[in-house]
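Encoded as structure tokens, here's the structure I'll be asking about.
Naming follows writing order (A, B and C), and every chain is counted from residue 1.
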Amino acid sequence: MDTGKILTALRQRRPLIHHITNQVTISECANITLAAGGLPIMAHAVEEAAEMAAGADAVVLNIGTLTPAQIEAMLQAGRSANKLQRPLILDPVGVGTTSLRSASVKKLLAELQFSIIKGNAAEVAILAGGVAEIKGVEAIAVSADVVPLAAALARETGAVVAVTGEVDLVTDGQQLLEVHNGHHFMSRVVGTGCMTASVIACFAAVEANYLAAAAAGLAAINTAAELAAEEADGPALFKVKLFDQLSALSPAALTARQKITEGQLP
Amino acid sequence: MDTGKILTALRQRRPLIHHITNQVTISECANITLAAGGLPIMAHAVEEAAEMAAGADAVVLNIGTLTPAQIEAMLQAGRSANKLQRPLILDPVGVGTTSLRSASVKKLLAELQFSIIKGNAAEVAILAGGVAEIKGVEAIAVSADVVPLAAALARETGAVVAVTGEVDLVTDGQQLLEVHNGHHFMSRVVGTGCMTASVIACFAAVEANYLAAAAAGLAAINTAAELAAEEADGPALFKVKLFDQLSALSPAALTARQKITEGQLP
Amino acid sequence: MDTGKILTALRQRRPLIHHITNQVTISECANITLAAGGLPIMAHAVEEAAEMAAGADAVVLNIGTLTPAQIEAMLQAGRSANKLQRPLILDPVGVGTTSLRSASVKKLLAELQFSIIKGNAAEVAILAGGVAEIKGVEAIAVSADVVPLAAALARETGAVVAVTGEVDLVTDGQQLLEVHNGHHFMSRVVGTGCMTASVIACFAAVEANYLAAAAAGLAAINTAAELAAEEADGPALFKVKLFDQLSALSPAALTARQKITEGQLP
């Protein structure tokens, strides 16, 4: 897969990425979008969500600090994206921890067609009807292998499913890609999961093959993480360097460093 | 213009700057206020907006992630500021991208007397009735020279208008000042526009000549940006250094480095 | 007091800390929780506050950008914590500046049993019925010695009261501890007060003696601040290093560097 080619397109087209997202990592998501090559717009009012989404090249819905009003705005933005066939990305942060989160994600999945669903192993397992232990927003344990659960979720929803972890997985239910880039500091900073969804959205805005787009986005942020870790002795300085390494990442460097392999679905 | 003298007053008086602002850059706005020499207070509840504004030395209204409830709080805070003749600053983030933003700014301009309006070229052009292309919060193209549009907006609203860009412009409709300080990294970090409004508010809180206050505020943050860029190889580390350079900026250094020239209105 | 032992327990048990907090420092509070050794979850919707709090090991309520809806969520989360006897921490940011803040804190104190109340001298004085000058969120002047006011507040509420300042004070109304660690850069970064409440909550989640937990939490963040200041020439870089020094702080280093002394209540 030529990830560098997608990054080149991203830098040239500077797609506008509309986020309806949580209050914790909203600044990080905006900044990582800019670093990747996109332009961020964050807007959650019900009164402008549909219009803002209609003007965007991709839409990210992240339920990290959801409210019922925000879910309504997500539905409106999502319908805009669906109608205009723009990529729509779901980040089901903390699904399974409360009934509000579970019911809201169920509603979003029922009413919208997502292009890509990005979660950690526990979130994906829960969405696929599996059993998992989640502590806040952290995946603690998943009762079964996440690969078949991710594939089942992809087939059920028609979305590409991206599972973040030590090795990231991407599947559309037919094919499985594994992204081996990354650094353990990513799990010691709040928001790298949310930021990953933003980067994937940037790539999906310029690459219609969402399996490739998700894998390329994962490879990009994880490659930047590897380079950032070389310059940092702790997670906070690492986060600063992560933005700067992604900003500076050349298409050639991404192509050279990407570690994407094909896996086997069971 | 003696920008250093205004900075000295700011550091001595530590004015309280009340913000009703967006969720993306709220932390950055608070921190840059502190770095400039002011004290920040962020409060957006309708139930306390008027009272908080009445206790503040300047008020900043930023529509970056507006909701109708927040606009109502802005009207109440703005009326407090107007009644007590405190400086009131508008940052019309993304105006023109949705009808909610356009209608809300129209309402704010109709009901409140702003001291200073700060925007990028596209935002100012749109407010002045011109035509501009805006992508999210980024000015892409303005159909005409922004100078006469800014001057017309200033004359129409009675506010000083500050236009950020490679060269910043400040006009009250009679005079035009150009601020030549700055660094291109500012456009690669989310929130430098919002932060600029906060710094201008700090200066306006201690300098009643708002044309001078806006120019001095722009010179201050842009001088800090020049110094920060010398210490940073990427935009994220640059942002960290921007805060620290503004914190450390002495009145003498500001006076020595400011590049403010007088321009000609057409 | 063996602060290192509490830190060891914290790192082993990784308690989940539920925050209902302000929009300004929500990211910082989440990151400092992770750095201390806990897991953060931020959730403010009335529809999930009680359920989220019931699954958490401690709950922090911070009124920095309060709204009436958020106060209702706080009441529900607080009742959950009280019912399950989990530590409940109050950070009464800016109390006394508006009637909304004063009335809201009064309601929280009337309906909930707090384990620890953490504030600056002005906030604690105001809660204790004293007179203080507060400018935004900054304590400017307190009319009387804060120690007897803190002790009175502790006796009245049944909570441990922690007062941040150049020397931090902790009292349960019977005993007084003084924490002499810290660095003046902490007052030049927005959010160190909020972050301190998060760290105290982490320690309280694993140490049932809340007087000891609060003192240990204060010693931990303030020790990290001392180490961070050695690596930073300004407050913004200091903040980055504060997270990394707390992440790296070993129980042995905390025990060796803590400066906790016993004081005398009048």
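Just so it is clear, a residue touches a chain if its C-beta (ideal position, glycine included) is under 8 Å from a C-beta of that chain, and two chains touch if they have at least 3 such contacts.
The model shown is predicted, which means the values in this text are computed figures rather than measured ones.
Novice: If I list every residue number at the interface of chain B and chain C, are over half of them used by both copies, so same, or under half, so different?
Specialist: Different, since most residue numbers here occur in only one copy.
Novice: Could you say what rotation angle superposes chain A on its sequence twin chain B, using C-alpha positions and rounding to the nearest 5°?
Specialist: An angle of 120 degrees brings one copy onto the other.
Novice: With chain centres defined as C-alpha means, what is the inter-centre distance between chain B and chain C in Å?
Specialist: It comes to 33 Å between the two C-alpha centres.
Novice: Give the residues of chain A touching no fewer than two other chains, as numbers and ranges.
Specialist: As it turns out, chain A has residues touching two or more other chains at 23, 27, 240.
Novice: Along chain B, where are the residues that touch chain A in the complex?
Specialist: Against chain A, chain B makes touches at 22-25, 27-28, 64-68, 94, 97-101, 135-138, 188-191, 233-237, 240.
Novice: Across the complex, what residues on chain A touch chain B?
Specialist: That would be residues 14, 16, 23, 26-27, 30-31, 34-35, 39-45, 47-48, 51-52, 55-56, 239-245, 247-248 of chain A.
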